[in-house]
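Before anything else, here is the set of structures, which you'll find just below.
After this come two complexes, each holding chain A, first together with chain B and then together with chain C.
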Partner chain A sequence: MAYALQQLINGVSLGMIYGLIAIGYTMVYGIIGMINFAHGDIFMIGAFLSLIGLLLITSGGLLDGPGAIVLVLALSMAFTALYGWTVERLAYRPLRGSFRLAPLISAIGMSIVLQNYVQVSQGARVKPIEPVVQGGFTIMQEGTFAVQLSTMQILIILTTLVILAIFTWLVTRTRLGRAMRACEQDRKMASLLGIDTDRTISITFVIGAALAAVAGTMYLLRYGVIDFYIGFLVGVKAFTAAVLGGIGSLPGAVLGGLLIGLIETFWSAYFSVQYKDVAAFSILILTLVFMPTGLLGRAEVEKV
Partner chain B sequence: MSTPLLEIRDVSTFYGAVEALKGVSVTVAPGEIVTLIGANGAGKSTLLMTICGDPRARSGRICFDGQDITERPTHHIMRSGIAQSPEGRRIFPRMSVHENLLMGAQSSGIDPCPGLDQAFTLFPRLKEREAQRAGTLSGGEQQMLAIARALMSRPRLLLLDEPSLGLAPLVSRQIFQAIRKLNMETGLTVLLVEQNANQALRLAHRGYVLVTGRITMSGTGRELLARPDVRDAYLGGH
Partner chain C sequence: MQRRQLLGTVAGLTAAGVAGLGAGRDAVAQSGTLRIASVGPMTGQYAAFGAQLRAGAEQAVIDLNAAGGVLGQQLALEIGDDACDPRQAVSVANQMASRQVKLIAGHFCSGSSIPASKVYAEEGVLQISPASTNPQYTDAGGWNTFRTCGRDDQQGKVAGAYIAKTFAGKKVAILHDNSAYGKGLADETKKSLNAAGTTETVYAAYTPGERDYSALVSRLKSSGVEIIYVGGYHTEAGLILRQAKEQGMPVTLIGGDALVTNEFWQIAGAAGEGTLMTFASDPRKRPSAAEVVARFRAKNVDPEGYVLYTYAAVQIWADAAKKANSTDPEKVSETLKSGGPWNSVLGPISFDSKGDVTVPDYVFYVWKNGSYGEV
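Moving on to the complex of A and B:
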């Protein structure tokens, strides 16, 4: 029981990270109908920017503890957003109106470019950091097994919830969010209503990248090691989360992220750590075969 | 005639290698209702879309209110006082009726409240359905929504594409009445594309006949209605 509870805590905090990245996949798919395969690498860039920011801030002795984290998060979000914007501008916008596979191929190319760029500029070795946030609570004791809820996990869950609340408000309640949904439902009509659709698409990439930066920062702080290749595996899992939740659906992305985090954690805890990725990707295949629209996705058929 | 609000001069539009419009010239004066009639595939909708810059005219000039808008991006054109209720209605199916209407006023930055009031006065049905998802409306209601949404930006020129398509005669009559009312009360200028030539020519001040991308005839609504060749081709021969 205590063991399961511990896995639940671990799974939720991991799932939150997947969910944040999955939103970026699902938003971009919703608005331009492509899978942005470079999005996992945007997450990796976010983690590296946080690492650099953290080292600069803490070694400069400017700040430490929560203040440093907030500052690092803000910096990483801003710079990663810039990367997201640039990627769209360079690799996807020129291909708009081209055949459907073109931006997909371009995305794979962009993913390779970003990985190699970081590998060359930052080195290929893994980058460890000292734990920034330590401590936690023992919330339950069962025999010798203590259920731990670390301060870092609380931080991940709270930050994610706050970011998600702001994001939900943005999409459902603001003019910008309405323009984004309009572009998603009928881009041509949105432009006939005077919406600058290119700009709206850019903003979508910026928001997706900023959320990936949050995930990257959390990943760095929680696991303490990153390298240029983390974007691939985490990215594919977040993509799986987006598909499981129903690609195009924002609540679905969060739900899918949580489920993938939980499945992976429980699988590692009860079956085999070595095969945890297999578990996650089996879900991808099962979803695609038996439930292609995902849990909260909608069927393509619509009343005309 | 006063200076035209919309002047289309010798416009050609292509879809790939296919020339959909072949040197079309149309003018619309302020306060006029002008209709464009023609068979399926004649290029009527293409002309309305070309005015909006999507697809762009390959040659010729389009001027709105004295300004050359031929090369402007679509969203600029649509912010300059033109609105379109397009072919197929294209309402946002997963937004509420209310949100669809707000979208109409969004980019012009004007207060949506008077527009909403006007929309609900014109089409009381939309008021009843305000919170409903637009995709669940009936065809007639969707058409009303598409027109009301186009009016939200307070346009000077309304481009209307087949407002009667697929509607019961009673509903289509309601919609035509609404257009006439708007034109008389607010001086709204309308360029109307219709297959239902009879109704359209009765409503319009002037009309153009479009045949495979070329204007073949023009005149007042009455004149065109009286022409035997128009009657044969577009009014079912009686």
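Moving on to the complex of A and C:
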């Protein structure tokens, strides 16, 4: 029981990070029907920017503790959003009227560009940091096995929930959200009705990148080791999460992220650690066979 | 207009780059130098070790050239990047062979060295690895394979016996990353541990390159593991240890020679205190190395880990070529096996008929306060 609870905590905190990144995939797909393959690398940029921010702030000795983390998060979100906007402006907008595969290929190109850019400018070696958020609680004791919930895990879960609530509100209750949903349903019609579709799409990319930056910051603080290549593996997992949850659906992305995190964790916990990815992807295949639109996807969206 | 300008700049830069490469190549060809190469993970996860190989090879070439080169010819060093990826290793090997390189002081990862050595054998290139410890590398029987480090069966024997003796009665987990090096080492350690009468509680493989090992750690915790033996590289070992301490496990981590880089401590942080690893007795402290170590220190390079092993690989090859009075790889190979012992920064070294060092010595090191020293 205690063991399962511990694994549940591990799985949820991992799944939340996947979920945050998956939102970026799902929002972009929803609005322009394109898989943004560079999104995993935007996450990596977010992690590097928070590393730079963290070093600047802590070495300057200006701030310490929670204030520093909030500031790092804000800085990283702002600058990563700028990257997200630039990527859209440079690589996707010029291809807006082009055939469907063109932006997909330029997304793959953008992913390679970002990876190499960071590799050249930051070096190829891994960048470790000392643990920043330490401590935790023992929430249950069973024999010699103590269930640990670390402060960092609480931070990840709370941050994800708060950010998710804010963005759900943004998409469902505001004018901007209405414009986004209108673009999603019919871009041409939306523009005829006076919605600046290019601007709306840009904002979608900016929001997606800001969420990836949150994930990047959490990732850096939780694991403490990043390199220019982290975007690939995490990006693939988050993309899988978006598809599993139903691509285009916001709650679906988070649900998918949680499920992937939990499947990986529980498979490692009770079966073989080695085959956890096989398990996660097998479940993805099974889900898609029986529910082709994913768990929360809507069947009527005909984008493919 | 703006876009055209941008394109123009990119084209200009590319042209300049290509021209630069061409110029470099011609310079090498004209002066009639001997080409040798060091190949290792210059990028990626294990780039810290690639840097060690590069530092060792560069210094060796500088020193040899200052002393008049080899057989009257100056040496030119090429650096190859295999990123510890077996496929990339093979393509780099082909590239090096096509450039008529006489010696490869590399690769680093066993998983890269083994497939690359087959290419070198066909193409007539001598390979001396400073770091690949998997037995298969020389056991495969290639005429061209040598190493200046020990073997995993020797390393595992020392590790298994030590664990069984020092940590008698404690629960041991053996983990590996499924690489040629990691699995090889873990299996050898398991063999000698079992022979000493201790059976491991957990034996499992993990996926390298990930960051979240908390599920694995919780699993070890519920089995009451007190000793974790990791057959794998420093990034994953550091992360596993860090996450184990986070979950409140009072464990001791034991690893192999892939933990001898300061990066391990940066990753593990204070959790790394007391970590044990097997490595040859510190080559930096040997009298034969004093002069070279001073030269490295003067350049602000710490000759840690494999730096001196790479230096020795180049140095021994040069001596053998001089003795054979030829740089023909097959002749040098025969001379290397029969003509020892060779005086190197590592002390006198002899090779057996397979190309292994005849007297390897593995001892235990412990990490304390950010640096490692012999136990």
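The definition used in the following text is that the second predicted complex is superposed on the first by the 291 of 304 C-alpha atoms of A that agree within 3 Å, B and C clash if a C-alpha of one lies under 4 Å from a C-alpha of the other, contacts with A are read in each partner's own complex, and residues count from 1 in each chain.
The rule is simple: a residue touches a chain if its C-beta (ideal position, glycine included) is under 8 Å from a C-beta of that chain, and two chains touch if they have at least 3 such contacts.
For clarity, every value in this text was computed on a predicted model and none was experimentally measured.
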| If you stack the two complexes on chain A, which partner ends up touching A:278: first (chain B), second (chain C), both, or neither? | neither
| request: Check the residue A:131 against both partner chains and state whether it touches chain B (first), chain C (second), both, or neither. | output: second
| message | Let me test your reading of the model: by the given contact rule, A:70 touches which partner, first (chain B), second (chain C), both or neither? | response | neither
| Of the partners chain B and chain C, which touch A:55 in the superposed model: first, second, both, neither? | neither
| task | Answer with first, second, both or neither: which of chain B and chain C does A:182 touch in the superposed model? | result | first
| said: Between chain B and chain C, whom does A:197 touch in the aligned arrangement: first, second, both, or neither? | reply: first
| said: Just checking: does A:145 make contact with chain B only, chain C only, both, or neither of them? Give me first, second, both or neither. | reply: second
| In the superposed model, does chain B or chain C contact more residues of chain A? | C
| Does chain B (first) or chain C (second) touch A:166, or do both, or does neither? | neither
| field | Complex contacts: residues of chain A adjacent to chain C | value | 3, 6-7, 10-11, 13-14, 119, 123-126, 128, 130-131, 136, 138, 144-146, 148, 150, 219, 223-225, 227, 229-230, 233, 264-266, 268-269, 272-274, 276-277
| said: If we count contacts the way the header does, which residues on chain B are in touch with chain A in the complex? | reply: 52, 54, 73-75, 78-79, 83-84, 86, 88, 90, 92-95, 99, 102-104, 106-108, 135-136, 149, 153
| said: With touch defined as at the start, can you tell me which chain C residues reach chain A in the complex? | reply: 42-45, 47-48, 51, 178, 204-207, 209-212, 214-216, 218-219, 221-222, 224, 235, 238-239, 242, 246-248, 263, 266-267, 269
| field | chain A - residues contacting chain B, complex | value | 175, 178-179, 181-182, 185-186, 188-197, 302-304
